Amino acid sequence: MFRGVGDRSMAYDRSTVIFSPQGDIIQLEYARKAVEKGATGCGVRTPECVILAGIKKETELIEAPEKIHIIDAHIAATAAGLQADTSALVKRARIQAQIHRLTYSEEITITTLANQLGEFLQNHTQVGGLRPFGTQLLFGGKLGNPELLLVDPGGAVFKCRAVAIGQNNDPANEILKKEFNDELDQASAIKLIKEALQSSIVSTDQEMIDIAIINSDGIEKSTL
Amino acid sequence: MFRGVGDRSMAYDRSTVIFSPQGDIIQLEYARKAVEKGATGCGVRTPECVILAGIKKETELIEAPEKIHIIDAHIAATAAGLQADTSALVKRARIQAQIHRLTYSEEITITTLANQLGEFLQNHTQVGGLRPFGTQLLFGGKLGNPELLLVDPGGAVFKCRAVAIGQNNDPANEILKKEFNDELDQASAIKLIKEALQSSIVSTDQEMIDIAIINSDGIEKSTL
Amino acid sequence: MFRGVGDRSMAYDRSTVIFSPQGDIIQLEYARKAVEKGATGCGVRTPECVILAGIKKETELIEAPEKIHIIDAHIAATAAGLQADTSALVKRARIQAQIHRLTYSEEITITTLANQLGEFLQNHTQVGGLRPFGTQLLFGGKLGNPELLLVDPGGAVFKCRAVAIGQNNDPANEILKKEFNDELDQASAIKLIKEALQSSIVSTDQEMIDIAIINSDGIEKSTL
Amino acid sequence: MFRGVGDRSMAYDRSTVIFSPQGDIIQLEYARKAVEKGATGCGVRTPECVILAGIKKETELIEAPEKIHIIDAHIAATAAGLQADTSALVKRARIQAQIHRLTYSEEITITTLANQLGEFLQNHTQVGGLRPFGTQLLFGGKLGNPELLLVDPGGAVFKCRAVAIGQNNDPANEILKKEFNDELDQASAIKLIKEALQSSIVSTDQEMIDIAIINSDGIEKSTL
Amino acid sequence: MFRGVGDRSMAYDRSTVIFSPQGDIIQLEYARKAVEKGATGCGVRTPECVILAGIKKETELIEAPEKIHIIDAHIAATAAGLQADTSALVKRARIQAQIHRLTYSEEITITTLANQLGEFLQNHTQVGGLRPFGTQLLFGGKLGNPELLLVDPGGAVFKCRAVAIGQNNDPANEILKKEFNDELDQASAIKLIKEALQSSIVSTDQEMIDIAIINSDGIEKSTL
Amino acid sequence: MFRGVGDRSMAYDRSTVIFSPQGDIIQLEYARKAVEKGATGCGVRTPECVILAGIKKETELIEAPEKIHIIDAHIAATAAGLQADTSALVKRARIQAQIHRLTYSEEITITTLANQLGEFLQNHTQVGGLRPFGTQLLFGGKLGNPELLLVDPGGAVFKCRAVAIGQNNDPANEILKKEFNDELDQASAIKLIKEALQSSIVSTDQEMIDIAIINSDGIEKSTL
Amino acid sequence: MFRGVGDRSMAYDRSTVIFSPQGDIIQLEYARKAVEKGATGCGVRTPECVILAGIKKETELIEAPEKIHIIDAHIAATAAGLQADTSALVKRARIQAQIHRLTYSEEITITTLANQLGEFLQNHTQVGGLRPFGTQLLFGGKLGNPELLLVDPGGAVFKCRAVAIGQNNDPANEILKKEFNDELDQASAIKLIKEALQSSIVSTDQEMIDIAIINSDGIEKSTL
């Protein structure tokens, strides 16, 4: 470890609050490794709805954690990464949404919510004595237009048309890139998301897919 | 230690608040080692009840610690890991249950309680200057449907049908997988849990089994 | 790493609050590396207006982050660096501008705003347990005279006539130096800024340019 | 120290708040070493009373510290380990007992008191910037049934029939195991505890034994 | 770094709050290196006035930072070192001057102001978790007699007749030593300060000189 | 230091809040080294009085620090170790004695006072960011029976008949052991303490002895 | 530094709050090195007055810092060491003296003042995150009897008849030892202090001596 090391980044990755000579926050890159180990999630946005879905790995005696988290009547989320970190963020998102309702007597927009979470995550990459969250969140909601927003462990927020996150997301993203178009209807979007997720399944165990359809009627959650 | 080391994770395991290059919180994995040294515990959920049980290692002059902890009139817990950490968490769980009763004039659900504990545990993996708890909790309760919930030292919460935790839990889990089914009646569940636990006994000392039957009549605790 | 090292600065770069023997705050230089990875931004000041613009890297399914941030009715900003850090600073700038309006019943000057941000950034290079921000901000505004102000990650504020920041900014700055003069009209300034930015485009992907024209009529934002 | 080291635990023992790869809190094991250097103490529980006793090492001009600490009218303690740590814990125990009396107008149970101390000790193994206490406490009391409770430096609490702690406790514990039975009367218990302690005396100096008999009449303290 | 090192101070320079074996606060010496990189400043005191001046390095598109900072109606300052640190200290000086006016209904003396800044700077060399400021301040003012005061990054305050600070100040100081006398009139002082500063110019770029004349009429600022 | 080191304790002595593998708080042992460098002090208890005395090393132009500290009308102290630490503890003792008088309208007992100081010293061995005190205190007082109490840097309190502390205390303690008996009258005690202290004088400089006689008449201080 | 090192203290000098194996606080010894670099100061006490004096090193364009600091109408001080640390302590001493006047309506005694400063300095050697002050203070005053008190960076306070501190103080102290006697009159004391200081002058530059005569008439300050 202390000899002939070509890995110059080694000494810069043990604290979240410092940069490496390359300008990276390496702890954040390690947090993204935790994300890549989490069960695959996926989202697709159509002109009328957002579809969120995630692979649920059933083990024999222990039930798999939910992949779809209802945040408010008009917003759901899927996530990939550490389950306990996800729970903490989902709880925070739910509380923010309720605070917004109580303060302004209206629903929170999906963008406002994602930005609030992003700010909280960014703070965990800048203040000493904390680690970044090992979770990537994908918010889908409809308040006016459907929105699909990706929140990175570092706090960056990205508007998405369609995206897959977590374990082995490359095949799913390839399918999305090839087959997604902006005029998909709800049924095609569901078909696409299933196809994408199934391409990312790595184990031979029976795996289920949790799915949520968010449209003008609210959120409809089911398991395939 | 400083030469020819293949173990790259070495430098990342001395602080709870950082990730290893693989995206793991290694202190948490070490905490799980503490769990694996704790006396074996087990839980089984049937349509009508939850059975919790744990191996109690009697030494000659010192009484073994209780393996069944009553949390509230409808919830009990067994745990594996550091005894002092277990006591701290059990105390916290009891207080949360009472706070819920006083605040809402109703019993806390088993899920709410497990999530509250999970949140507390997650926090101990993210904030500097704390170590994770070296204890895994298994909550069993009946408020409506019977529930069996496993809370990991990292704060993740899992719904279980049947599970064994702690020392040498593999044989017990094997038996559970083979013999558990969702229609067990209470007597068969008790028989199964005893069989599972006995398969995990490692010492030749006389060991007892603490057991709790949680059903509509409340909690019945005994020692076999 | 510990032998035959010519790099004397090595031990001085792991904490933001110390100087290297050369009198540098090396963490700050690493933060500037993060800036140099951010999508290129550019600003030009004319006697009548300020033009801000930035390259927006479209990926197929994920929309690129905005390069123009409206701060107040008379101030906009572009930035290069970490997206989450940028969001945090942009939010802060917006709040400062509103606080000024509410406190003094008048718009904040661009200089006052840039200095307030600079102070906040300087603080992150002097107090332990924080990292510098990995973002360089370019504020453009018109309150009386047009102003173009660059705020460095270290907190220094520079008055600019024209400047490009972020990834591969050298070609853009070369063009600005050659072609900028203080009597440009708005149309020529827009032409110049486009030319400058296009010279800095590194990828062969389709890239767009976000642009803002800030003059007596307010801020006009568009995408080319 | 840094070469050819087989001792993998080396790097994990310099902070109380981290686990070793084996799941141990090594600072706690070192604290137990301090306990093993403290003068031997012993306790025996009979159906009617608890006997506590400890070896008091007289030096010529300096009086040995007390081995029996009266906590309340119905509880006494003996301890092994660092004298100053013992004093701090004994003082805390006395205050807890008085707080209980003032709050509930009744005596504190021996279990409640031991658990309160255990909680305090556990906290010193989990929060950064503190070391564990280097003291093991043995509480004896009678409030209803006689109780003998051992509190470990890590905060674990054990119900005991009879136990010896501190320096060279093995011979004493051997004797206790061989000769203790649950029907001892007070006189036999005193005889047993003396025999046990004398077997653990290591020096040839004159050593005395402090003894306390806790029964329905209260606590009777003497020195043999 | 760990072999054949002659540099004994190496291990003592990574924290501001410790002394080296030679009794030096090495971080402070590094901060002075930052000062020596700052654009040259200069001050001259005559019986009737104080002249402050500084070299302003114009770059083509970015305006050079001001070298003269008005602190109050009767005090100005020039500085050499990190620009953001300078801004922070100048802002503090301005606030202190106004606090004095509001509290005592009179102007702050130049000595009081310099001592207050010195105290603040000293504190940054003694308290952990902070770095010293990388800026040297030169205050000139007239309240009764003209005063020229140098404040070191370590907090020491020196009364000066004439002094040059910052980059390549040796030639300037040589000229001051040779040509300064206590009876200079204002015109000769201005001539001297220009001569001194021009001798310290290192680049071949066009460089300007910011100058301030502080006398009974107040402060007159101009650029040569 | 990094090679072939036999000294296993090396890494455990740089923080007060951790134990060495042997169960020692090594910083405390180093603090005792500071005690052993302090001028020798001595105390003798008789049935009627306590005598405290200490060697006062006169240098030519600087007066030696007092060796006898009056704490209250009935308590004095001598100390060995760091002078500034001694002053801090003596001041604390005086304040505690006055607080006791004001709170309870009676004099503090010597035991209470010594225990309060001991508690304060113990805390400095357990909380991070503090060093232990480098001073050993010897309190003598008469409130009812004469008491002589030794307070160790670690916070342990010892009842003494006669004891010498500080530099070269072995010869003095040898004499005390040989010649002390519990029926000494005041004159013999004074003679004994002088003989003991003189045996410990190491330098050839003229040294004086500060002495205090504490009996029913109060405290009589003189220098021999 | 890391090989064949005989210097065992090496690892113990980087934090103020720990002892070396020899019982020394090495940071304090380094602070004393800073004292030994400060311009020489001197004090002499006579039956009627105290004389304080210090060498003032004039440089050509920068005035030397004052060597005599008036603390109150009856107390002055000279100091050797870091100028900014001296200023901080002198300011503190002045405030303490005024607080005493306002609280008790009488002048502070020289001993009380020196002890208050000593306490403050001691604290800087015991609490983490601070460095000791690099300044030695010599207080002279007359309130009743003349008093000359030396306050060490570690906080120890010494009563002096005559003493020289700072750079090259050996020759001065030799002269004081040889020629001082307790019956000096004021004129002889002034002559002695000049002789002593002149023997310690190391440079060939013109150096002045600041002097203060403190007697029943107050403090008379002049420069020789």
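The first chain written gets the first letter, and so on, giving A, B, C, D, E, F and G; residue counts start at 1 in each chain.
Assume contacts are C-beta pairs under 8 Å (C-beta built on N, C-alpha and C of every residue); 3 or more make two chains touch, one makes a residue touch a chain.
Just so you know, these numbers come straight off a predicted model, no measurement behind them.
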item	value
Mean-CA-position distance for subunit E and subunit C (Å)	29
Between subunit C and subunit B, distance of the C-alpha-averaged centres to the nearest whole Å	52
Residues of subunit B touching at least two other chains	2-3, 10, 15, 128-129
Arrangement of touching chains [line / ring / star / complete / other]	ring
Successive chains around the closed ring, taking subunit E as origin and subunit G next	E, G, F, D, B, A, C
Subunit G partner contacts - residues on subunit F that touch it in the complex	1-3, 10, 13-16, 27, 30-37, 60-63, 65, 82-85, 87-88, 91, 124, 128-134
Sites on subunit B touched by subunit A in the complex	2-3, 5, 8, 10-12, 15, 17-25, 115, 118-119, 121-123, 125-129, 150, 152, 154-163, 173, 176-177, 180
